[in-house]
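Read through the structures below before going on.
What follows is chain A paired twice: with chain B in the first complex and chain C in the second.
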Partner chain A sequence: MARNRTYILYGLALVGFVLLPQLISVKYYIHLSVLALIWVIAAQGQNLIQGYTGYVSIVQAGFMGIGAYSTALMGMHFDLPVWLSIIIAPFVTAFFALLTGYPSLRVKGHYFAIVTLAFNMVIFIVLMNFHQLTHGEAGITGIPKPGGKDALFNWRDRETYYYFVLIIAALMTGLAALIVRSRIGQILVAIRQNEDLVGAVGIAAWKYKLFAFVTSAMFAGLAGAIYAHYQSFINPEIFGIAQSLDAILAVIIGGSGTIAGPIIGAFFVVFLPEYLRFADSFRLILYGLVLVLATIFMPRGIAGIARDLMEKRRGRT
Partner chain B sequence: MKLTAMTAALALMAGAAWAEEKTLDIGVSDALTGGGAVYGLPQTNAVKLAAKEINASGGIKVGDDVYMLNVIAYDDKANPTEASNAVRKLIDRDGVKYILGFCCSGATGAVASFIEFEDAVMLVGNAAERSITTREIPNLTRTRPPADYTGAAAGTFVAEKGHKRVAVLGALDVGFYASYVDAFEKELEKAGGEIVSREAFGLKDRDMSPQLTKIRGQEPDAILVVGYVEPAAFIYRQAVELGIDVPRYGFTSGSEEQFTRVATSEQMEGVWDLRPTELTLLSASENGKAYHANYTEEFGIAPSPSSPYSYDQTYALKDAIEAAGTVEDTEAVAAALRDIAVPDEVVMQYLPVDEKMFDQNGQAYTSNGAFQWQSGNWVFVQDLPSDAAAYSAFLSTLDD
Partner chain C sequence: MVEVLQQIINGIAIGGVYVLIALGLTTVFGILGIAHFAHGSVSMFGGYLTFFFVTSWGFPLLLAILIALLVGLMLGVLIELLAYRPVRDANHINAFIVALGLTMMVEGINLELFGHEQVVIPTDFSRVFNFGGVTIPELRLYVILAAALLIAAMTVFVERTKTGQAIRAVAENRDAAILMGVNVKTIPLVVFAISTALGVCAGVMVGSLFAIAPGIGEGLVVKGFAVLILGGLGSIPGAVVGGLVLGITEALAAGFISSAYKDVIAFVVMISVLLFRPQGLMGKA
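And then the complex of A and B:
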């Protein structure tokens, strides 16, 4: 019964997302919604390693960078079609995640967070300094949109891109839900709750942790690739540690270890700073304050609060 | 009859008042907070000052209409995504067609990547990355010359001073600083000199003594510092503290006030800044002196040397709109921008190409100058060799 209600809620949310561009008259909000949906993909990935496995990774934006640069460079140097390079980008990211994940996951807790933070710094420095390949701080410009000249849809229209990203975000959210509901997902939750016990019953926890880490990176790589083709420009600035912290915040604010949480959190971290523009130079202070208060008073995130309210209401009736 | 006459008179008055009250919103996307704010905030203020002056002198005349300027400014934190968001907001939500500011290259590059497809005109100020004007985007112009244009002139100047071994300490992971040094090195090598060391620092670094200690051990003839004002000021200060007694050259574009927040005037004494001939009070034209006085009065602080890039943009836009005779047709205004002469009100010393302020790439060129810190002030010492026409032709050959 409860599961049916959840499905109905997700269905209604999806209908809402489909109708959204028709309800918005100012295209700027569609632009923000596209960015938020891209962040939904990255945050769903972050949720797998952080929310379900209990390992706080501070490299999600770095992996987005690998995805973004790999799709752009494959298009530039190998003339690959946009669709193909978007599909390959998560696998390139997965390769780097495998390389970094194995040593990272030998440590736990704060140490894991620090190691992944260091990896994000390394990725940032490489993107900034490997000028021949990445064009450094100047970045790569003119990254093509999907579709080409004779495309069926006008990909320069933000509404078209919105629906494209919405489909991908919905699919990736569905994939995340499938993983979580599977045996693998149950083991990930078990690792979060008591990793020693998981090892004691004969499960090789490291394999599952590595799976979560690499899958999380693939989500980020895909998000980065879609971002690159949407903005047509990338430079290292957008793949730094601050953006990785945004991915963590999206999960915490939305609701860690829930499927709805990263969706809510992604919209929160994209829209809130924009709505605070009225505060000019106090904007970042206000943003920080809101985040601190939200983390202190809503430790289970917005999804957690919503669930509590629904259960209370159900209890009354 | 009386009533009809009064109604007609009122209608006429209302019509006249309506014409006077037409407002043209212009947008500014710039770094108002964060590391880039040392350039972005003064640029934003400069646009506001220019708009105020234009309004006070009767606005922009388009046919029978007169437009008063209203400035809408958003903070882009010098971040590409933030800049895209700010510009999308200006265009989509606020209905702005003319967007000025843009102090920093990464954020500017992000907006430049899509502006061609928007019904808008983008006027870039201080951002010095060369690639911004290599794609000949028809609705984009820039007032500041690219960094390598100045770097080459600086290299020649330092070589003429007789220096053979130059150590570089710079924000070399920033593209346009690196391109300044590359062009500098090319000219230095032509005269038989060499760069003996390339040490880098981050834009947020403040302790550069490890790099300076290494440089001291290499015994260079001179050091070249390229980077934002604050870290550069720390380097000049720490070089004195470490007893490095060789000429210090730089590429920073900071004001006296910005430097003396970090280093004393004594520690700055003798430092050279090799940059476009930007605003310094002692070398300023009449326009420059008036700008300095008005800016200081308006905002209670002296303008930074690079801030007039956006002040000049505003006057260029005014002339282009008046020449095009429209505020609605952005294509016509963008075309007019490439066709106007240097406006009388500008502060910077532009070198027109084919008698036009902007070349076919949408790029303007200023002269380059050697400024030296003398007794608390940046003093203009001499012009640096600057061939705007040759560089413009070179820029046209690039397409990335």
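And then the complex of A and C:
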């Protein structure tokens, strides 16, 4: 019964997302919604490692950067079609995640967070300084949109891209839900709750942690690749630590360890700074304050609060 | 050879700054289990404050540092009371997220109060000493000496005084410490006051040796944690060794390989240590 109701809710949400472009008249909000949907993909990945496995990784934006640059560079140097380079990009990201995940998963808790943060710094520094490949701070321009001249859809139209990203975000959300429901997902949650016990019953926890880390990186790589082709322009600026913190914030605000959480959280982190624009330079302070207050007063996020409310109502009737 | 020595001296100066930051982080972590990520930004706040007193109000450097220390001390206490205490019993991830939020706030406050131009704290130590071809600017020498003095003072405080003993007791076993009559409500305040004061000293050193600018604090705190990972958790000797290793590696990398990639090389060293000694150079297995 409860599960049916959840499906109905997700169905309604999906209908809402499909209708959204028809409801918004301001083009700029459609643009923000596309960005938010891209963030949904990245946040679902972040949620796998942070929300379910309990390891805070601060490299999600760095992995988005690897995805974005690899799809752009593959298109430029190997003349690959856009759809193919978007598909390959997550695997390039996975390669780097494997290399970095193995040593960093040897430390726990805060130290894992710091090591991943160091990776994000390394990625950023390399993107900034490896001019021959990345053009440094100036970035890469003229990244092609999907579809050629005689494509079925007009990819320059924001609405078209919105639906394209919506489909992928929905698929990736479904994939995250499948992973979480599977035996692997159960083991990830078990690792969060008591890693020693997981080891004690004979499960090699590090394999599952590495799986969660690499999968989350692939989500990020895909998000980055889609972002690159949407904006047609990338530079290192948007793949820094601040953006990785946004991914963490999205998971916390939305509700960590829930499937709905990252969706809510992603829209939150994209739209909130826009609304705080009036505050200008106070924005950073307010943003930090929201983060601190949210963590202290609603540690289970918006999805957690919503679930509590629903259960309370059900209990009463 | 002289060139190598020169870079090592440079590395010791910056390594000393890292050690001071790491000492603050390691004591906070030991007591509260919190990765106090805002530490770097708070330290920079102290550096900015010193700069402000010296340039705008014409205070002598030492007085300015003293006031900045006191303000930093109070800020540290406030942070503990208002931000970290409420999440004390929650999941550790929450405390870390609070720390990230605090970092944004303090960075924002720094930006609001002091602007985004980089500032250098003016000092009149401009002499340069020369020891057999190795040159040491006067300022750099003082920074090394001051860092050494502070590290020694911190060691004596933690190892020899009653309060230091209480701090170690809480770090080792919180419940047993309560039973022994240690006031676990005030200990975190003391720890935050001291570590913030050390951080402010590091901020002043960075501000006079190099420059303070937005984002420097975040870079510094990451280096501080890298030092802890290198040296091993919760040990003062570990922090000293880790800080010097990191500082010297960075200086050598900047001097002989590439200054743009010096941080990358420093992190690669950290990761390699992690691969072979996950407990750190000085940590117990």
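Just so it is clear, the second predicted complex is superposed on the first by the 317 of 317 C-alpha atoms of A that agree within 3 Å, B and C clash if a C-alpha of one lies under 4 Å from a C-alpha of the other, contacts with A are read in each partner's own complex, and residues count from 1 in each chain.
Definition applied: a contact is a pair of C-beta atoms (placed from the backbone, for glycine too) under 8 Å apart; a residue touches a chain by one contact, two chains touch by 3 or more.
These numbers come from a predicted model, not from an experiment.
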Inset, instruction - Tell me which partner A:Leu19 touches in the superposition: chain B (first), chain C (second), both or neither. - result: neither
Inset, instruction - Figure out whether A:Leu171 sits in contact with chain B (first) or chain C (second), or with both, or with neither. - result: neither
Inset, instruction - Scan A:Ile8 for contacts with chain B and chain C and give back first, second, both or neither. - result: neither
Inset, instruction - Tell me which partner A:Phe233 touches in the superposition: chain B (first), chain C (second), both or neither. - result: first
Legend entry - Which superposed partner A:Met310 touches (first chain B, second chain C, both, neither): neither
Legend entry - Touch count on chain A, higher of chain B and chain C: C
Inset, instruction - Have a look at where A:Asn129 lands relative to chain B and chain C in the superposition and call it first, second, both or neither. - result: both
Legend entry - Touched partner set for A:Leu197, first chain B, second chain C, both or neither: neither
Legend entry - Contacts of A:Leu98 with chain B and chain C, given as first, second, both or neither: neither
Inset, instruction - Report, in rising order, the residues of chain A that make contact with chain B in one complex and with chain C in the other. - result: 125, 128-129, 281, 283-284
Legend entry - Residues of chain A defined as touching chain C within the complex: 50, 54, 56, 103-104, 106-107, 109-111, 113-115, 117-119, 121-122, 125-126, 128-129, 241, 245, 248-249, 252, 256, 281-292, 295-296, 299
Inset, instruction - Quick one: which bits of chain A touch chain B in the complex? Just the residue numbers, please. - result: 26-29, 31-32, 35, 125, 128-129, 131, 135-139, 141-143, 156, 231-235, 237-238, 274, 277, 280-281, 283-284
Legend entry - Touch list for chain C against partner chain A, complex: 29, 34-35, 83, 86-87, 90-94, 96-98, 100-109, 111-112, 218-219, 222, 225-226, 228-229, 260-261, 263-264, 267, 270-271, 274-275, 278
Legend entry - List of chain B residues in touch with chain A within their complex: 32-33, 74-75, 78-81, 84-85, 88-89, 91-93, 105-106, 109-110, 112-114, 117, 129, 131, 135, 173-176, 178
